[in-house]
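Note that the chains are named A, B and C in the order they appear, and that numbering of residues resets to 1 at the start of each chain.
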Amino acid sequence: MLRSLPHLLGIEGLTRDEILFILDQAKPFQEFQRNPLKKLATLRGKSVALAFFESSTRTRISFATAAARLGADSMNLQAEASSLKKGESLSDTIRTLEAMRPDGFVIRHSSSGAAAFIAERVDVPVLNAGDGMHEHPTQALLDALTIRDRKGKLDGWNITILGDIIHSRVARSNIHLLSKFGARITLCGPPMWVPREFEAIAPNVRRTACIEEALRDADIVMVLRVQTERLHEPALAPEEYILRYQLTRERLCMARPDALVLHPGPMIRGLEIDPAVADGPQSAVLEQVTNGLAVRMALLYHLVGRAPLDAPHPAKDRSNASD
Amino acid sequence: MRVVEKRQLLSADEISRTLKRLAHEILEMSAGSGDLALLGVRRRGVPLAERLAKLMKESAGLDVPVGTLDITLYRDDLSTVGAQPVLHSSNIDFSVDGRDLVVVDDVLYTGRTIRAAMNALFDLGRPRRVRLCVLIDRGHRELPVEATFIGRTVQTSDTEIVEVRLREVDGEERVMLVDRVSD
Amino acid sequence: MLLIKNGRVLDPASNTEAALDVLLDGGRISKVGANLSEQGAEILDASGLFVAPGFIDLHCHLREPGGELSETIETGTKSAARGGFTAVCCMPNTHPVNDRASVTRGIVERAAATASVRVWPIGAASVGSKGEALAEIAAMKEAGIVAVSDDGKPIATARLMRQVMEYCDALNLPVIDHCEDASLFAGGAMREGTQSIRLGIPGIPSQTESICVGRDVEVASITRARLHIAHMSTRASLGYVRAAKRLGLRVTCEVTPHHFTLTDEDVIYDSRFKMNPPLASRSDRDALIEGLADGSVDAIATDHAPHHPASKDVEFDRAPFGIVGFETAFALGLDQLVHTGAMPLMRLVELFTTGPARVLGIERKIAVGEPADLTIFSTEHEWIFRAAESPSKSRNSPFDGRAFRGAPMATIVGGKIVYRR
């Protein structure tokens, strides 16, 4: 069960039950976001090291807010200011942070496998906030929560993921998660960014280079951002991308009438997504953000909140605990 | 370590009569208060609060709203070894602001649960008044908490546990005093 | 004088497998026969063991000069001796690059002073291995190089390859190419395939190698000179080499032990699984094993590439390419090729002896008058490879902790025992 998993490094290794557990545990935190007073003492005295080796504003603020609302402190490492620029290795940077004895790490890094690398070298829980092109598990979890809330269930949907798939950790995590819930997944984007090997990493995955075909019968459309910072090949002109792959209102009409539109953010309005769609009734982009906070609070509560082995004995009241 | 049943504190009948009496007391001491509401503390406080509301409806025709409060996030004794307790949702579909609230729980012991409930409550809004109703008060307070409405007061020792069993949760209906015994 | 008794001689050159004793004197083999005895000779009892000509490694990196943090000629050759190697060919990508006679002489002198086994340097094909001007190959030959390569990189263009091959042909030197198309390689860190997609690691398609092998074979058909394909790793590359051999071209190739053992499915986020060429597909591995057995592949070479531990203790995509390999090479060969029945023991020994020798244009055999270089090995001895116990300065091996059955038991160079298990 997740409750005894030491880290959250990816979705690929989680079971359906573990995923459902996280989503269920996020629910109290969704309600909590509506409280006038959003401050708990649950993780008071705990500190979370937010080690963001790759720049990110939204995810970092989301985790920092999640920690703060649980009453925990955060130690903030940001890439621009980091000692990595001075040539310090990741191993040494992590050891330095660990010497300040945080109760957990949240890691974002530009190398695939970085979260696992760090998890092998520290003694506290590690939460992967995005490692290179590999996984972004909290994004997939908040997407799943949004789908379940908006559509009433998580199983059996037709899901279309649009964009730069090969470089996307969001795509991989979502493919792993949704395929565990019987989704039929269609990947669509410029062919050099949607290699056939994706059809082999999870069941019921197919790809197409034609957006109209991809959207037909779609219940959920996930739009990825165009990752200009990660391209190794000659860049595609924005006009080409818009012409072939932008999610416009007309194209969205080809999907099911009640299709949900998701985007991990940040959006480039007018590039991968038509602003009218981004702001339209089918878009759940803002709920994704709120749900992100709830999911991350639930994960920090369970992973960082857990006591180390040498914690003092449980208090008396637990014998009469309202369990 | 084993658990040994020592004696029954309340039978099903006695629970029923006690709740009737508590419902009357609450109504009496909230006379005319149009903003009365009950909040059951998860887990067993919830069916108790629901029964109290039903009794109030039967005897006085009053519709008293019932909410449920999960206090896991507000506990101060979470230095547990191993996994965190599973969270459940609170469910309060009325506003807490300005309300005359009665918090309902099965057993009052150290007072920490009630303190947590108060913290939870005050994060949700500003009630006008908060009073506590418990089925059993077993003493050994560690915090300055008192219950206004008490079903029965019982003397217990540290090793003893008061087990409230309700049909909605446990499939049976009685209150037992059990003891922890080393093997 | 050293008398090796009671062993089983395995000599591919004469196709001999027999219970014979070998007497070594003055750095040469002086007698080979049954039941020899010699007064005053030191006896090495090789009961239950095989006696083969000394193993040759066509491809390794000793890092000296310039990379001594990772390895020196002294530590590298100690490790090589443990692997049963009596001679190793070291690649020129040192600092400075071995592209001139003075650097070659430096290596030769360091080897004379500190090496446990013979060190035969390979010289750069181009100045600085930059792929522009030809290096001073003739001068380097006089200083002792045995082949030419820009290893670490491919020989930059077809045109340069042609010039190098023609020039080296006249000097009777083989040209060794690290085959890679730079534009397809760009930014890659492991074989492109399902595993690279799953792990989110930039992929290197297998055609990155075979495109360049094809190019080199075509150039060889112009020059008809000696071409040797370094660390060949794919079925398609092997196809080009087979075609070249059928056409009578003097094209040879080597395969590393990790390429006939592991595949891209074995890759995890651990830089001990990162090398270039990367671990290939199962189909490639199977094709290589077939080629090793049927003679299309000429030699097994280690591509021993030490990197000091701190430099490998980084994120996968940031780690340098390369693993060490001297001490596990022969044992992996026994494991994956002989114990499985893919080839007879004699063939494996060829791949370590006469095969590499032929690539270099020399002989390697157990015969009177030959240099006293021998490798004595067991096919049964059980042991576990532990990188921490290696005399190499580096620990980057994916086989750390692996159990083996069979190992080199003694290594003899110029009549001296340089390693005894």
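The rule is short, and it goes like this: a contact is a pair of C-beta atoms (placed from the backbone, for glycine too) under 8 Å apart; a residue touches a chain by one contact, two chains touch by 3 or more.
Nothing here was measured: the structure is a model prediction, and the numbers come from that model.
K.L.:
Please flag the chain sitting at the greatest distance from chain C, going by CA centroids.
P.N.:
B
K.L.:
Taking the mean of all protein CA atoms as the centre, name the chain whose own CA mean is closest to it.
P.N.:
A
K.L.:
Between chain A and chain C, what's the gap in Å when you average each chain's C-alpha atoms?
P.N.:
46
K.L.:
Could you tell me the distance, in whole angstrom, between the mean C-alpha positions of chain A and chain B?
P.N.:
Here the centre of chain B sits 39 Å away from the centre of chain A.
K.L.:
I'd like to verify one number: the distance from the centre of chain B to the centre of chain C, where each centre is the average of its C-alpha atoms, in whole angstrom.
P.N.:
Chain B and chain C have C-alpha centres separated by 77 Å.
K.L.:
Scan chain C for residues touching two or more other chains and write them down.
P.N.:
none
K.L.:
If I count partner chains per residue in chain A, which residues reach a count of at least 2?
P.N.:
none
K.L.:
Touching residues of chain C toward chain A in the complex: what are they?
P.N.:
Answer in residue numbers: 186-187, 192-194, 196-202, 269, 310, 313-318.
K.L.:
Using the touch definition up top, name the residues of chain A that touch chain B in the complex.
P.N.:
Within the complex, chain A touches chain B at residues 1, 3-4, 25, 27-29, 31-32, 35-42, 298, 301-302, 305-307, 309, 311-323.
K.L.:
Once bound in the complex, which stretches of chain A touch chain C?
P.N.:
12, 89-91, 109, 111-114, 116-117, 131-135, 166, 169, 172, 195, 197-198, 200-201, 232
K.L.:
Over in the complex, which chain B residues touch chain A? Could you list them?
P.N.:
Residues 41-45, 70-71, 73-90, 105-107, 109-110, 112-113, 119, 122-125, 138, 140, 142, 158, 161-162.
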